[in-house]
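Consider the two complexes below, in which chain A is the common component and chain B and chain C are the respective partners.
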Partner chain A sequence: MVEFTINGKNVRAEKDETILNVARREGFDIPTLCYNDTLGSDGRCRLCMVEVRKGNRKRIVTSCLYPVESGVEVFTESPDVLLVRKTVLELLLARCPNSETIQYLAKEHGITKTRYMKDNDKGKCILCNLCVKTCEFNVGVAALCMSGKGPLKKVTTPYSEPSHDCIGCGACVAICPTGHIYMEDKDGVRTIWNKRFELARCPQCNRYHAPVEQLEFIATKSGTPMEQLLICPSCK
Partner chain B sequence: MIVSIGQLDGIAAEYKQKSRVYSKIVKICCGTGCVSSGALKVHEKLSEFIKAENLSDKVLLKKTGCHGLCERGPIIVFGDDEILYQTVGKRNLEDDARLLLKTIQDGTIAENLLYKDDDKAKRYVSPRDIPFYAGQTRIVLSQNGIIDPEDIEEYISLGGYQAVHKALKADPMEIIDWIEKSGLRGRGGGGFPTGTKWRSCRDASGEPRYVIANGDEGDPGAFMDRSLMEGNPHAVIEGMIIGGYAVGSSQGFIYVRDEYPLAVQRLLMAIDKAREYGLLGSNIFNSGFNFDIKIFRGGGAFVCGESTALMSSIEGKTGEPRAKYIHTVEKGLWDKPSNLNNVETWACVPHIINKGWEWFGSIGTPQSKGTKVFSLVGKVKNTGLVEVPMGITLNEIIFKLGGGIHGSRKFKAVQTGGPSGGCIPGEYLAMPVDFDSLTKLGSMMGSGGMIVMDERDCMVDVARYFLKFLVDESCGKCTPCREGVRRMFEIVDNICSGNGSKGDVEHLEELARAIQLGSLCALGQSAPNPVLSTIKYFRDEYNVHIEQKKCPAGVCKALTTFIIDPEKCTGCMRCASECPVTCISGEKKKAHTIDQSKCIKCGTCYDVCKFDAVKYE
Partner chain C sequence: MEVDTAAINTIIDKYGKDKSYLLAMFQDVQRQYRYLPKEAIQYICDRLHIPFSKGYEVATFYSSLSLTPRGKHIVHVCLGTACHLRGGPNILDSFERALNIKRGGTTENGLFTLESVNCLGACALAPLVRVDGHDYGKTTPGSVKKIIKEYGEPT
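Here is the complex of A and B:
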C-alpha cells in the first residue's frame, strides 16, 4: 500500500496505480481526452497534468501515467496545473473550433474564445490516438495509423487509401472523444474511412444492422456460424 | 583473431614497422567539409603525381577523418603536425598539387598554402602554432585527422583496443566506479552522470540488456558526432564494448541518421573489421564476454535523438517519445534495461580506462569534467570543430580559437545547445563553458553546437528560425508542443512581418511557460528556449519590432528598407553589379539609387559597399 495526499486529503493506493485512477476514485475531477480505461494512456492530450510535490521539489506530471508514490503531495488544481490545462484547451479550441467536446471543456475552465487563428482543416480531431489503439488492440485489426509529424500529423488509413483491413465496425467512431470520425449508413451501405461496406440485412426483421465484412470477421475469430451472426441483436 | 594482449601489441608493432618504410606521410582530410571543398580531387591528383615520380613506396598518402578547421578546407597535414596546408586546390588544383609534390620531394614549403592571420602578417607552418589548434585539448578528437578511419591496424597501433583488454581484466563494478569517479557526464545534451546511468542499468532487473550509441545528431550546424563516427569509428565501438561489459549487455546498437552515409559506411566497415579481429563477437580476449553491435539507420526525424523516441524507432515503431517516469535504464528498448549514451560520451570511455579516472577528472571544472567538442559555426572566422577543456570561456572559444567575427562587425550573441538552447549576449562572454553555467544563462550545453552571430543578425528572426525548425520537427504526439510551438511561431512571425501588437511578448512568455511545463519530452520542454533567451537578453529588439515596426539589424524584410546615401556613394557600381535582382541603377561615378519596388531586401548592397553608402532603416 502507498499513502500520499491529493489536495490535502490522505489517500491509499496499490503500488502500481496511477495518480489519475486514485484521484478519480477519491472523487477528484481531472479532465482527460486521450485516456481510456481499456486502452491505458500514452500522455498525449496533457489535460490530466497534476502537480506532485516531494519535499522541496515540485513537478508537473501526467497523472494518467505517473505511478503513485508514498509521501508525495498531489495538487490537481495548482496555478501551474491550471496554466497548462487552460493553455491546452485554448490551443485545442483553435485547432478544433467546431468540437462541442472542446468547447464544453474549455468553457468549464473559463475559456470561451481562443487568441489563435482558427484551423479549418483539422475537423474535430485532437490526435488522441484512441481510434488507432482501439482498432489495433480492442478490435484486433489495425486499419488506422498516424501519418506525418508536427502540425501535419493526422489519423488516416495507410497511404490514405481505403484500407483492406478495415471491417467497418465503427469502434473508432464510438471511442472518439470529439466525434471527428465520419460514418454514414445509407441505403444498405456504410461509408467510413473512404471505404464502402455492404450492410447485412437481418433475415427476421429485414433491417440493416452491421457490415457483412464485420460479421465475417467475427465468424472467423469466434467460430460462430454466419447464419447466426446475420440475425440482428434485437431479434436474437 | 586477437585473443591476447601480446597479439594486439604484435599488430601495433608490425604496423609501426611497416610505416617506417615511408619517408613522408601526407594526410589529406577527407571529412565531409573537406570532401565538399574538393579533397578527393586533391588526393587523386597528388596520387597521380606521386605515381608518376615513382614515389609510391616512399610516400604514404592517407585519407583521414575531419581535421576540424573546416573553414579552410581542404586541409593537408605533413608528417606529425609538421606542416599544415589549407584551401589546397581551391585556386588551381594542378598548381597546388605540384606544390605538394615539391614539399614531398625536397621539403620546400609552399608559402601560399600556409595558414595566415587575417592581416596576412603571420604565416604558420605547423598546426601546433595556429591559435585554432593551439587552444584546444584534444582527447576525443586526438586521433581524428591522424588515422585512416578505415584501417583498424592503425587504430591498434595508437593503443586502440588496449582499454577493452584492460577493462575485461577488471570487475564490471570496478569499471562503473572508475567512470563515476571520472565525473564523465553525457555529451548528448542532458549532462547526466554516465557512471550513475551505467550503475542504474546494471542494477535494473531484466534480460537481455542493451547498450546504445546515439548518433542521431540533428541540431542545425552541429557535426561533432558525425566527424567522430566518420573519422574514428573504432573509438565509439571500443567505448561501447567496455560499457556493454560494465552493465552486463552483449548487444549494442548504434543509431545513426541516414543523412550521414559516410558515417554509416565507416561504422559498418569498422564493425566488420573488429569482428574479423575477434574484438567483437564471442569470447573477446578469451574473457568469456560476448558483445556485438548492430547499426540502425534513422530516417532523420530530429525527435529520434530523444532516447525513448530513438528506442521506439529501433523497435520499428513511430519515433515518438514516451513519458520517462520509469527510466530507460530500467525499461528501455523492448522494455529491457537499456543504456544509451551519445557517441562522444562513448568515445571518452577508452581514454578514461587507459589513462585513469584521476587524469580525466583533472581536466575541466569541479562539476563538468573532461573536454567537450563544439562545432563552431556562424559569423566566426574559423568555423570548424574544436575540442576544449570544460570551463574555458566563450570568449576564448569565439575570439581565440575562432579568430573572432568576420569583417569589421561586432559580436552580438552566441547560440549554444541547438534549437533547444538559447542565445547568450556579449556581456556573458567571460562565463565558463560547462553544463551548469550555460543552463544558468538560459541556454544549455546541448550536444555542442555553437552558432556565432554578429550585429547583422536579428534576434527575433533567429528565434523565428529555430521555432520554424521545431514546428517541423515536433513529432506531434502531445498538444503543448504540437500546437503551442506553432502558435509561438505564428506570433513571432507576425512580429517579424510588422504585424506584432502590444502584449505579444507577454503572451509568448505565458505560452512558453505552459509548453515547458506541459510537454511530454525534452524537445517540447526546451522548445521555448530560443524565444525566452532572446526575450531575456534582447527584449528591446522585440519592442522595436512591435512598437516602431523596425528591425534594428535590417534582417526582417517587411521592416527593412535599404537606401543609398548620395553624399557617400562614389558610383563605383559594385552594388549594382552584385544586386541579384538588378534593382540598383546609376551612372558610373554618380550616386546610385535602389528601386524599392523591386528590392528583395537581401542586403547584398550593404555587405559589398566599401564606402558605407548603403544604409538600412
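Here is the complex of A and C:
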C-alpha cells in the first residue's frame, strides 16, 4: 500500500498503479486523449500532465505513466499544470484545427485559437496509437501501423494499400479519440482504409450488419458456425 | 517484383530466424537489391511470424532503408552545420541540376541516387560529398560535374 495526497486529499493505492488511475478513482478529473483502459498508457497526448511534489522538488509528469509513490503530493490543477496543459492543447489545435474533440477540450480550458502554425495535412490524427494498438491487441489482426517519422509520421496500412489483414471491423474508428479515421457504409459496401468490404445481410431482419470478412474471421477464431454469425445482434 | 527466396532464406537463417535481427536482415536484403522490395518485406515477416504492418513500420522508420529502387551510385551531399555554412546547399543544387533530379530521387538510367545527410563527421573537409563511401572534400559547384564523370554519364 502506498499513501500520498492528491490536491490535498489523502489517498491510498496499490504499488504499481499510476497516478491517473488513482486520481480518477478518487474523483479528480484529468483530461486524456490517448489513454484507454484496455490498452494501457503510452504517454503520447501529453494532456494528463500533473505536478508531483516531493520534498522541495516539483516535477510536471505524465500521470498515465507515473507510478504512485509514498509521501508525494500530487496536484492536478496547479497553475503550472494548467499552463502546460494549455500549451499542449494549443499544439494539438495547431496540428488538428478541424477536430471537434480538441476544439471542445481547448475551449474548456479557455483556448479558442493557437499561436502556432496550423497544419493542413494531418487531418484529425494526433498519433495517439490507439487504432494501431486496438487492431493488434483487441482485434488481433495488426493491419495498421505508423509509417515514417518526425513530421511525416502517420497512421496507415502498409504502402497505403488495401490491407490483406484488415477485416473491416471498424474498431479503429470506434477507438479514435479525435474522429480522424473515416468509414462509410453504403449500399451493402463498407469502405475503410481504401478497402471495400461486402457487408453481410441478416437473414431474419434483412439488414446489413457486419462485413463478411469480419464474420469469417470470427468464425475461424471462435469456431462459431457462419450461419449463426450471419444473424445480427438485435435478432439473436 | 519476384524476389529470390533462396537468397532471402540464407539471410534469415544467418540471423537464426530471430526477429530481433529484423533490421539487419533488411539491410542485407537492401545490399542485394539496392532497395527493399515489398515482396521481400512480406516474405521475411511471414517467415518470422510478425505482422506485415510491423515490418513496414521498421522499413519506413530508418532513412538508410529505401522502399523505392535506388541508383547504382549513391551521392550523399552533406548539409551538416559546417558544410551548410560553407556552401553545402549550393553543392546540392548543382547536383540536382547536373543529374536533373531532386533530392531523394534517382536518375532515369538508374545510375545515381542523390541524397542529403546531416553530418558525415569530416567537417574540416566541408563542404563534403560522399559517393559510394568515397569522400570528396572542399567541393565547389565547379567540381560537381567532374565527380559525376568519374562514375558515368548523368543521363
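Keep this in mind: the second predicted complex is superposed on the first by the 236 of 236 C-alpha atoms of A that agree within 3 Å, B and C clash if a C-alpha of one lies under 4 Å from a C-alpha of the other, contacts with A are read in each partner's own complex, and residues count from 1 in each chain.
In the analysis below, a contact is a pair of C-beta atoms (placed from the backbone, for glycine too) under 8 Å apart; a residue touches a chain by one contact, two chains touch by 3 or more.
Bear in mind that the values here come from a model prediction, so they are computed numbers and not experimental data.
> Tell me the contact category for A:88 with respect to chain B and chain C: first, second, both or neither.
first
> Look at A:66 in the shared chain and tell me whether it touches chain B only, chain C only, both, or neither; answer first, second, both or neither.
Only chain B is touched by A:66; chain C is not.
> Regarding the shared-chain residue A:149, is it in contact with chain B (first), chain C (second), both, or neither?
both
> So in the superposed three-chain picture, is A:174 touching just chain B, just chain C, both, or none of them (first/second/both/neither)?
neither
> Now for A:49: first (chain B), second (chain C), both, or neither, which partner does it touch?
It touches chain B, and chain C stays clear.
> Touch check for A:226: first (chain B), second (chain C), both, or neither?
neither
> For chain A, what residues appear in both contact lists, the one with chain B and the one with chain C?
146, 148-149
> Of all residues in chain B, which touch chain A in the complex?
It is residues 301, 303, 318, 322-323, 325-326, 471-480, 482-484, 486-487, 490, 507, 510-511, 513-515, 517-520 of chain B that touch chain A.
> In their complex, what parts of chain A are in touch with chain C?
132, 136, 141-149, 157-159, 163-165
> How about chain C: which of its residues touch chain A in the complex?
Touch residues, chain C against chain A: 38, 41, 51-57, 60-61, 67.
> Provide the residue numbers of chain A that touch chain B in the complex, in ascending order.
Touch list, chain A to chain B: 42-46, 49, 60-62, 65-67, 80, 83-84, 86-88, 91-92, 94-95, 115-117, 126-127, 146, 148-153.
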